[in-house]
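Input: one structure, supplied below.
Per-chain numbering from 1; labels A, B and C assigned in written order.
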């Protein structure tokens, strides 16, 4: 005997959440989050609210972060942004390639979406932060951690993002490829950054809910003196593209070296 | 929970995880904000929150205590239309009308930010998250640019019966 | 005719810009219930058992309906055109597409309705689905309907066909045969406003139905037949629709909410989610169109054969009608004296397909125009010249023998060239829609020329209509 319902019937307006926690300090948020089990975190709302509305999440406890003081920005030698910093704020003050990454969503979503939410769900900031060598401060099981973003992304598990530290690069470029109308998601994103130790390259949107990938083969080729086009050709060794509703794996695979080459060429132009 | 809606203080019920869209439509009877997709993609639910355009379908009541909300009903009634509303009407920027409230609010916020003439690409950036399936967008951009320049055609549309709606 | 060419104010313009236009979802009534649906997760299955008892007992639930609650569950959308009814409003012994309705709940809040939907138990026996129209004639394929996968327009003939002239001869004498296969995919109309309906049982026993239908009388008729009531028992309110584009003609939300309102004795509103719109609502159909043109070296199209497979999805709805229109338009705006067009309505386990702007003809236009470019490419000929030569002119006849009295193909082509900045040679720019003469009247087009009849228009009292109105 099987019980079914189809996705189309799941619309729901949440009425029966038992516990909503609204901490007023970062410490309060960390305590409320605990080890992250059995709790739904609401940052800007752009990620979680549709899941609530359409019946994909039935939280028993919810943690709302809007008052937790996680929106502090320290614009110093490196840029530190709290997890609740909006994408609009990031677009206004961050270095490239991060600023352009934050401009991907539309005006309203930029004003509401947050850094913490964006990096938690394969958002468009990920490749920029990977290319920049950013570090993530997070809380959860095992306590607070401060680690390179690639380690944070690889570790998984429920974590409460507290802040992100972004070293200042010597130059950066962010490119995305979209279908040609106003209202679409990118099908591929490329971030490149010139740092003290060389050029770093990362790719995003290579699949649905993809985690951004650092392109070590491209980086090695560049360090070995390859031209942008030559180095970009190596990207297919680093990135596994997939089909999704937006684009095919084939299209992404063909596009990838072109977009990487273009980003690297533009980066040269920013010297 | 206290909200200031179109300049009026309102006390609303609902728990902290109720989306603002639902509060506006079902509790306050302000149905100008629409449930086009309820996942923040279409823009038809857009309202101004503390002057900024936001997706009311994504905003949870618990984060809005004391917030100033402006809906399309707060932009101007039939007897006192804003320049944007006049421009939209004169230039046929609304066909079915479903996206219109959201477009107007996002455009209103843009014109307040800019306080002067806007270029087409600025309009596209500000309204790019709003989805219109009828007009093809050109006339909407025309209307926003025209309103920013005060270029009203002076042919206020009147129905053959010249009925003016009641104020809310 | 004062309004033509004038800038007339929209009667609803002020309503739209003040947010006062009232769409179906903007209506609310005391005691109103919200509907949520249980939809099939499977493309093809037998339904062995549906148990709504737990759902009916849940808080806030006032009614749960299945097929047995619908007075007449199977009503065809085009029975009045001789196309047999085949689609249940709510599934009976089987489901044929993902998203097909099985049961619908009416409860005091959407959350309660959804919780109740989740409590409905269904037992399925899954079946192999059929999806690829190209396999319609293969043996051993799953059969979507009891009559198979190919719809029969006539007892002895499945396809909608057009025959004109001698296609065999055309293909025999042709210098080149140019073939092409065109497969425009499904398109979701995606109106900004999801389909919605609100049904209200009035104290006098009539039903008021607020509907997003693009065709209120059509939907009213279908709803009346589902309810087995005279049309006069219904009052349909609508016309303020947030976009339809063909997707709000199929009539489902109105009869479902009506049945719920009757059972619950309360007003019932059902508004589809964007997911339902994208996944389960009818789309423009996918089409598979094969064209073969018999052409001469100097760019005359002597004859055309076509084979169209139309993916109707799991139920007929308006597909047979669409395919008729499609077939009649497969010569495009061009004079093709010998035609053999064959269009098959193929049933599959996709969501039933429906109208979208240009219903049935958009696909034909796409295929025909792309094919014209292909013909031009094969012949090494300018595509404008190919089109202008073959363009319909006064006295040419359509595939269905309509005599063109006033075609505007040449004018339109020249205007399009002009607007696109294409510099056509003088001899092409000099062309007109007038009757074919000289080089523009090759031997193979002579026989199909006809004298266009004048159809003078007159007022009922016998006064002639204004000059040029024919």
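Quick note on the criterion: a residue touches a chain if its C-beta (ideal position, glycine included) is under 8 Å from a C-beta of that chain, and two chains touch if they have at least 3 such contacts.
Keep in mind the model is a prediction, meaning the values are calculated, not measured.
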Chain of greatest Cα-centre distance to chain C: A
A-C compared against A-B, more contacting pairs: A-B
Gap in Å, rounded to a whole number, between the CA centres of chain C and chain B: 33
Distance from the mean Cα position of chain C to that of chain A, given in whole angstrom: 42
Geometric centre distance via CA averages, chain B-chain A, whole Å: 30
Per-residue multi-chain contacts in chain C, two or more chains: 273
Shared-contact residues (touching 2 or more other chains) in chain A: 11, 13-15, 54
Where chain B touches two or more other chains, by residue: 38-39, 41, 131
Residues on chain B engaged by chain C in the complex (per definition of touch): 25-26, 29, 31-32, 34-39, 41-42, 44, 71-73, 75-78, 81, 85-86, 88-89, 92, 94, 96-101, 104, 131-134, 155, 157-160, 165
Touch list for chain A against partner chain C, complex: 1-16, 54-55
Contact footprint of chain A on chain C as seen in their complex: 36-42, 98-99, 109-111, 114, 117-118, 120-124, 272-273, 275-276, 279-280
Chain C - residues contacting chain B, complex: 7, 9-23, 25-26, 28, 189-194, 240-243, 245, 271, 273-274
Complex contact set, residues of chain A against chain B: 11, 13-15, 17, 20, 22, 42, 44-46, 49-50, 52-54, 59, 62, 64, 66-67, 105-109, 111-112, 182-183
